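The block underneath contains the structure these notes are about, expressed in C-alpha cells.
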Amino acid sequence: MSVNKKVIKVEDLRVYFHTKKGDSKAVDGNHFTMYENETLAIVGESGCGKSVTAMSILGLVSEPGEIMPGSQIVYMGNVDRDEDGLNLATATDEQIRHIRGNEISMIFQEPMSSLNPVITVGDQIMENILTHEEVSKEEAKQRAIELLSEVGISRPEKVVDNYPFQLSGGMCQRVMIAMALSCHPKLLIADEPTTALDVTIQAQILSLMNKLKNETGTSIMLITHDLGVVAQVADNVNVMYAGKVVETAPVEELFSNPKHPYTIGLMNSMPSLAEEGKRLNTIEGSVPNPLYLPKGCYFADRCPYVTDRCKEGQPVDTKIKSRHHVWCFKVEEEMKQEG
Amino acid sequence: MAEKRKILEVKNLKKYFPLKKGKYKEGDPCVKAVDDITFDLYEGETLGLVGESGCGKSTLGRTIIRLYEPTSGEVIFEGEDVAKKSRKEMRALREEMQFIFQDPYSSLNPRMTVFNILAEPLIAHGKFKRGPELDAYVKDLMDRCGLPSYYCYRYPHQFSGGQRQRIGIARSLALDPSFIICDEPVSALDVSIQSQIINLMKDMQEEKNISYIFISHDLSVVKHISDRVGVMYLGSMMELADKNEIYSNPQHPYTRALIGAIPLPDPTKRKEMKVIQGEIPSNVNIPKGCKFNPRCPFAKDICREQEPATKEVKPNHFVKCHFGGEF
Amino acid sequence: SGGSSSNAKTLTVSVNQSLTGQFTPQYASSAYDQYVANLCYESMLKYNADNELVPELAKDLPEVSADGLTLTYKLEKGHKFSDGTEVTSKDVKFTFATLADPSYAGPNGGGLENLVGYKEYNSGAAKELTGIETPDDYTVVFHLVSPQIDAITKFGGMGITSADHYSKYKQGKVKVVEKNQEESCGSGAYQIKSYDKASGASFVRNEEFKREKGQYQVDQIIIKKTDVTTEVSELKKGTVDLIPDVIETNKVSEASQDKNMAFNYYSRSAVGFVAMNANNGATADKAVRQALMYATDRQGFCDSYFGWDKKASDEVKKVKGGYVPAAYWSPASVNCGAVVRNEETIDGLNTYAFDMDKANQVLDEAGWVRGADGIREKDGQKLEIKFLCSEGNSVLETLIPMVKKTWSDLGVDLKQTTVDFSTLLSNIQDESHDSEWNMCFLATSFTDNQDAGANDSYTNNPNNMAVNNYSRINDQALVDQLTKARADSDEKQSKADYVEAMKMAADDAGYMPVYSGMQFNLYNKKVDLTGTGTLRNWSQSMDTITVK
Amino acid sequence: MAKKDAVVLESGEKIESIGPWTIAWRKFRQNRVAMAGLIIFILIVIAVIVIPPMLGYSVNDYDLSNPNLAPGGEHLLGTDKQGRDCLFRLFLGGRISIMVGIIAAVITVILGCTIGGISGYYGGKLDNLLMRFAEIVYSLPFTPMIIAVASTMLWVPQSQKMYTVSLLIGLLSWPGLARLVRGQILTLREQEFMQACEALGISDFSKIFKHLLPNVISLVIVNATLQMASAILTEAGLSFLGMGVTAPTPSWGNLMNLARDSYVFQNYPWEWIPAGLMCLLTVISINLIGEGLRDAFDPKELQ
Amino acid sequence: MLKYVFKRILAMIPVLFIISIVIFGTVKAMPGDEVTAYFGAGSKVTQEQRDHVRELLGLDKSLPEQYVRWVGRMCTGDLGSSITLKKPVGTIIGDYVWNTFYLNVVSLIVALIFAIPVGIKQAVKKGSVFDNFWTVFSLLGISVPTFFFALVLIFFIGLNIPGMPINGMRDTMLSSFGYSSIFQEIGDIALHSILPVIVLAFSSFASFSRYVRNSMVEVINMDYVRTARSKGLKEKTVIYKHAFKNAQIPLVTLLGLYIPSLFSGAVILESVFIWPGIGKVLIDAINQRDNSLVMACLMFSALLMLLGNLLSDICYTLVDPRIKVDE
C-alpha cells in the first residue's frame, strides 16, 4: 500500500471540560493520523467526543474546555514529508488563525445555523478568501461564484446575494462546503455534514465530497455515526468510544473483520445490516458519563465479554494488520494465542 | 394478508394549512401538507411511511388521530368515522389509538415524575384510581418497557434520550391501545439505542397484536420494522406496497431515487450513488402535473401537465405515476 | 453671576413656581405673575412701606365727593408707555372697560359691580362704560352706585394698560388683550426681555420711563424658576440674589447662618386658617366650632412651627416668626389689623385661647355627650370631623398631629384625608360637595389694607357663597353689619362698624385663624433691599432697591 | 408504593427523584450573589416587621420639642421636623413600600397570568382582542389615573391609601407580563407533550393546571420578583411627587420627599438619605433574587 | 413595506380611539375644576364669571358632547388651548418637547457609547471579574430610584463644585440677555446637562448593557460564530461583525421602542433638575388641571407608544433580512 504523505498526526489528545462538577473528559488520550488524498471517517455514539476532537484541531474548543498540556496535534500539510510540523495544540493564536480556513477548514453539522443569518452567503465566502489571500473584492466575489457553481449550485450569481434563510438545508450545506474549499485547504473536516439532511440530498453531498477528494487530493476527516455513509466514502475508519479511538482500520477491513466488541455491536445493531425479520442486536446500557469515567476499559460496562481484567486497567494498542489496530484485552489475548 | 381485519381506513384525507390566520376556506393560499391520501391498515401489521422532510408524514399521522382537524376526507377506525366524533367520544376513542412522538425531550412534561406521566392517562380514562393497584400497574408497565420500576419518581430530565423514548412508548401503551402511530420514534437516537427501541416496539406488537403506522425517513429502519411501506412526496402517497415488493421492485421513480440514495453499509459495494437532482419544492407552490416531475429523470410532457391517478400495478401495490408498472 | 453686559446691574430673583405668562394687570393672578405686572405696569396709586397709599400715575390721592359716590383722579403728565405714547385718562378708562367687558374672563373683574353703568356695559346693553368719565386727558372720574369705603384702593390699585397698544379692542373683543401677554406695553420701569414658562423671565429697562435720580438703579432683572429643594443653595452659590416673601423659618435659618446673606422682614398680610363647614354634620353646630377653636393649641403650634432652628443666627432668633391672629381678618387692614396682630385688644372679642376645660364645657352644654368609645354624640350623631388637607403642606404636617391629640381628648373623631390642591379647591368651591367635608385648611393673603375682604368671606349671596365663603356661615346680622361698614363714607364710622362685625364673626367661629407671621426676604449682601413692606413686595420697591 | 424522594437499591445506588424545583433551589443556593440578595431581603423584611413595634412609637406620635435631632443617642437615626423618630419612620415606611410592592406584584401576576394565559391558550379572536386591550392599558398614564382613582376614595382612612397606589400600579403594569405568559404558553402549546395530552385524551382542566401552569410558573415567579422591584420604584417615584402614599403615613418615597425642603436637604441628610439607601438596597436585593431565580429556572439546563 | 406600514397605522386607529376615550374619561374623572384653574387658584370671582368661563370652555355641555367636540377638533389638528398658559397646546408641546428630546438623546448616546462595548466585553468574558463588576454596576443602575440618585448627585457634587449648575438648561443670565457666541451657548447647555445626563445615562446604560450582554451571550455560542472562527478571522471581527451583528437585532428593536420615549420625558427628573421639558409641563398641567394640555400630552405619548411599537417592528424588518413583510 502506497503511503501517502501525512497531513496531521494526533497523539495523546486530551480535552477536558472544567465544569462545576469536575473535569468532563470529553476526549481522553485520542490518537490518529491522517494522510493526503484519503478520507478518514470517525464513527461513534453521540457524546463520544467526535466533535470535540475535530474542534480541537482548529483550536475551537470553547470555555470551559481546555486542550490539556501534552496533547499533540501536529499539522504537516504545509511542510515536506520528513520535516516537523506545527503542533496546533500549543501554537499561538496568530499561527492557528493562519491555518484556519486556509490550510484546514471545517463543515458543521447544522448547515442552517452554521451560516450567519444576517450576512449574505457571498459575503461569508468572500470573507474567508479575503482573510487569507491578497485579492480584491471583485476577484473574491468572482471566486465565490465559481465555487458555488463547483459545488453544484445552479444560478450561483444569484445565490451569492442571498441570505442563508433563503436557501434550503442542502444548499446551505453546499455553501458551507464552498466556503470550506475557498482557499484550497489541505485538510477538510466535515462534522456530520449530512445528518440533518434527507437521503437524496445526503447522496448529493457525499458524491460531491468524493469528487473533491479525487480531484484535489484534499484529505477529508468525515465525522458521522452512520456506518452506511462510512462504507460509501471512507478510506480509513476510526471507531471512537468515550473519548478514545478503540479501533482503527481501512474501511474494507473494518467491515469484513471488525474486532472490537463495540464495533461489532454497533454493526449488528444497524437495521440495514441485520438479518431480515430478526430482532436487532443491541448494546445494552449507555455511554459512560465523561465526568465519571471508570478506571478500566470504558466499554467494560456494556461489553458482553467483560473480564475482571477489563475493569482493572486500560487496554493497549493491539495490531491486527497493517493499519488495523484495536484497543481491547480480549483481542489482545486472542492475538497472543494466535501467534 | 387479506384475511386480516381492517382496523383503519383512510379515504381521500386532506389537510391544508392556510397561510393566513384563521380557518381554511376553499381557494385560500395554503400548505397542502396532506393531499388526498387513501390507504388501509390491518390488524397487527406495521405500515411504514417514508419520505423526505416536510412531505407531510407527521401531519398525516396527526390528522388520523385527530390532533389536527382534517380539511376533508374520512378516517374510519374500527368502522367509525373519527372525524365525526364529538370531543367526548373522541376522548373515549383515545384509549384505542395512540401516538409516539419524535422528540424524546419535548414530548415529556419536565415537571412531572415518570409515575405521574404514566398514571395520568389511566386516571383520566377512569381505568384506575390512585392506590396500590395503579402503582402495581405502572410498575409493571415500566418493567415491560425496560425501565427499572424504581425510577418511577424520577423526572424526565434525569433520563437519557433512549430511556425517555421508552417512557414515551410506555405512556402510549398504558391505555392498551390497538393502534399506535409512531412518528419517527428513533430518529433522534443513536444507532445502539435505536435498536433497543425497535426491538421493544416489535416485542410489544407481538405481545398485544398492535397495529403501527411507523413514520421515518430512514429507509433501512422502515424496511426492518414494516410489513408494508408507503412512500410520500409533497403530501401525496406516491407508492404503497408490501415491503419486499417495494424494495425489490420499486415502481415510482421517486421510490427508486430514494432507495438508490441509501448508502449501503458495505464498502465492497461502492456504487456511484444515483443522485437525483434538486430538492423538494415548497408545498405552497406545488408543481403542476405530477408533483415529482421537476426532479424526475423520466419526466415526459404528460407528467408536466396532468396529475397521475393511483394505479394498482400489482395486487396491493399502488403507484401514483403515469408510467407506474413500467420499470 | 456674570453676564454679557458685565457692568449692568442685575437682580436675579428666585421663584419656585412657574410664571404662567399672564402678565397684563387684567389677567395676572398668581403672586408670581403679579411680580411681572408690577415691574412693567403702573397704577394710579400704590402703597409705601408703611402701608399707606401714595400716588404713582396720579398726581395725588383722589377727591371723593361728600356723598361718597364720585371719585376724581388727576393724572400726572409725562408718564409714557414703553411704546412712547403718554398715559392719559383714556387708558384708564380703557383698562376698566376691558375688565367690565362682556367677554372678559379673567381673575380681576370682581368688585366693579358698584360702578355706574357696569351692568349695562357688561351685558352688552350699553356701548359705553358710563360710570367712568374723562373730562380731559389727565382727569378720570368714577361714579359709584352706592358709597364704598374701599373704592379708592380698588380703582387706584389697578395697573393701567395702553389703549393705543390695543387699538383693536372693541366691546366684546377682549381677546386682543389676553393674547401675547409676554409682550408688555406698560408704563412701568421695566420691560419683558424674554419669558419661558419653565425657566422664568428677564427684564430690561423701559427706556421711556423717566426716573428720578437715584431711583431704579437696577438695570436688569431676572425672575428665575428654582426648585424648592435647592433654592437656598442657589442663593448661596450666587445663582440667585433674592428669595422674596419667605415664610418658612427653615429657609431663613439657613440663610442667616451665611455671612454673605442678609434678610429683612415685615409682617405678612396673610392668614392661615381652618375653615369649618357650617353646612354639614357636626360643624353645623356653632358650639362644636367654638369648642374646636378652644381645643386647638394654636400658640403651641406657632411656637413650634415658627420656632428657629438651633443653627439659626442670634440675630434672626430675636425675630418672632409667627403669631396667632386674634381674629380671622386681614392683618394689614387699616381698621382692624392691629387687633389681628395682637397689638390692640378690644372688648368682647373672643380670641379662643387654648382651653380644654372650656372646650369640654361648651360641648357638654350643647348636649354632646361622650359615648362608650369616648366619642361624643348628640341625637345619635357622632362628633365626627372630616378634615380635608392639601398635600405637601408643611403647616399641616405639624398641625395635624397636634389636633389629633387634643381633639380626640375632647371626644372628637377626626378623620383626615390628604388630596392635591386642585382637588381640595374643587371640593370646597362647590356647594354640592358640602356634605363631604367638615374642615379644610387654607391660607389667604390680602393685597390691600382694606377690610372689605371680610365682606366676601362671610357673604351669604348664593352666587358667591361657595367661591368665597368657605365656612358657609350664613349670618344675616353679620352680613348686614359688614355691608353697612363698607358703605360708610366716614372712615371712623366704618372702622367702628367693622370692629363690631369682627366680634360677631368671631362668635360665629366659622374660621379658625391658625397663624400669621413675618415675611422675610433673603438676599445676597450685594443687594440692598430697602423700601419693601407688608403691601409692597420687592417688585413694587424697585425704585429703592439697589445692587452693588 | 409510598411517596418517597429517594430509593436506595440493594447495590447501594441511590435513586433520587430530583424535581425541577429541587434543582432550581439547589442552583439558587449555589448562586452566592442571589443568596446574598435573598438574605438581605429577608433581613429587611424582618427588620421592617420587627423594628417599628420594638421602638414603640406610633405613626401619630410627635414631639415638637425635639425637632431635627442629629443621629445618635435616644434616636439612632435622629428625628425629623416634627420630632418623630427617623428610624421608626424609615422602617415603617419600608413596611409600606414593601407591602405596596408585594400587593402590586400580586395583582400584576394575577392579571398578567389570567389574561396572558387565556390569550395564549384560546388564541384566535380572543387573543387579538386581549392583546389590543393590553396595548391600550400599556399606554395609559399613571399620574392622572392615580389622582382620579384617589378622588373616589376620599375618605378611606389615610393608612389605607397605600392600597389605592398598589392597586393602580398593579392594574397598569400587567400587560408586560401578560405578553410574556402568552408567548410562553404559545411555545408550550407547540411542545409535543401538550399534543401528547391531547392524544391521551386528558381533560382541559388537567392540561391547564397540570401541564401548562407548572411550566409557566417559573417564568411568573421570576417576573413577580422583578415586578415587585419595579413596583417599589414606581411607588417611590409617585410618593416623591406627592401622588402616592401621603404623609403622615411614611413610605420610602415620601420620606425622600423630605429632601424637597431645601433646609432638610442640606442640613439634615439623615432624614432622607437612609430612605433612599434602603429603597436601593431592597430593590437591588429583589433584583438579585430575580436574576438568581431566572438562572435557577433556566430551562436550558434542565434537560 | 409601505403597504404594511399603512396597514399597521390603520390598525392603530381603533386602538387610539379607545385610548382617547379612556384618557378623556380619566382626565374628566380627576377632581378639580377647570374653571378654577382658568382663573388661577384663590382669585375672587363671582359665580357669574365662572359660569361665563364654563360656557366659554364648553364645560357646560354633557361629557359625551365634550368628548365628541374634543376628538373632532383633534382630528382637524387643533389640540385646543391651555387654560393656564392661554396658548395653543400645540405650540406649548412644540416648545418643550425638543428640550426633552435633546436631553434624552444625549443621554442615550452617552449610554450606548459605554453600554455596547461594556456589554460585549462582559459577554465575551462571561463570569470574569470584569463581567461581575459591570453586572453589579448595571444592577445598581436599574435599582436606584433616579430622583434619589439625582438628589445625591446634587448634594455631593452639585453643591460642592463651584460653577457647577445644579438645575436648569441654561444660565439664566446668559440666556436672558444673549450669548456672545453659539459656542458659548453650546458650552452653557453642555455644562447644565452634566448632572441630568449622568443620571439618565446611568439608568439607560444599565438596561442597555444588560441587554447587550444577554443577547451577546446568546449569540456568542451560536454555530455561526464558531464557523466564523473556523475561517481564521480575527477575534475582533468575529465578535463585532458576526456576533454583534446578530445581537444587535433585538437591540435595534429595543431602540425602536425607546425612540418615542425620547420625546415623552422623565417627569420626576425634569422636576428635580427643572429641565424645561415636556414631562415637567405635563406634571404641572396635571396639578393645575389644565385638562386640554393634559389630554393632548397623554394622547401624544400614547401615540408615540404605538408608533414606537410600529417603529420597532420596522427596525426589526430592516436589520433582520429574515423578516419580510410583503403580505
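Read from first to last, the chains carry the letters A, B, C, D and E; within each, the first residue is number 1.
Rule of thumb we're sticking to: contacts are C-beta pairs under 8 Å (C-beta built on N, C-alpha and C of every residue); 3 or more make two chains touch, one makes a residue touch a chain.
These are the chains along with the protein names UniProt gives them: A, B = ABC transporter, ATP-binding protein; D, E = ABC transporter, permease protein.
Nothing here was measured: the structure is a model prediction, and the numbers come from that model.
The chains in contact with chain B as well as with chain C are D. Common neighbours of chain A and chain D, by the contact definition above: B, E. The chains other than chain E, kept in their positions, stay connected through touching as one piece. With centres defined by CA atoms alone, the chain at the far end from chain D is A. The centroid of the Cα atoms in chain A and the matching centroid in chain E are 54 Å apart. Note on chain placement: the centre of chain C and the centre of chain D lie 47 Å apart, centres being C-alpha means.
Rounded to a whole number, the gap between the C-alpha centres of chain A and chain B is 33 angstrom.
Multi-chain contact residues, meaning those touching two or more other chains, do not occur anywhere in chain A.
Residue positions 147, 151, 259, 265-266 of chain D are each in touch with at least two other chains. The multi-chain contact residues of chain C, meaning those touching 2 or more other chains, are 227, 229-230, 233, 419-420, 423, 427.
Contact between chains, as defined at the top, is found for A-B, A-E, B-D, C-D, C-E, D-E. By the touch criterion stated above, chain E contacts chain C in their complex at residues 30-33, 36-50, 52-53, 56, 84-87, 92, 96, 99, 151, 154, 158-159, 162, 165-180, 271-277, 280-281, 284, 287-289.
Taken in their complex, chain B has these residues touching chain A: 52-53, 160, 162, 190-196, 198-199, 202, 217-221, 223-225, 257-258, 260-268, 270, 272-277, 279-280. On the chain C side of its complex with chain E, the touching residues are 1-5, 8, 10, 12, 18, 20-22, 27, 29-30, 105-111, 178-179, 181, 193-194, 196-202, 204, 220, 222, 224-227, 229-230, 233-234, 237, 239, 419-423, 425-427, 429-430, 444, 456, 462-464, 466-468. Those residues of chain D lying in contact with chain B across their complex are 1, 3-5, 7, 9, 15-20, 23, 124, 191-193, 195-196, 198-203, 206, 210-211, 214-215, 299, 302-303.
Residues of chain E that touch chain A in their complex: 126, 221-224, 226-235, 241-242, 245-246, 249, 319-322.
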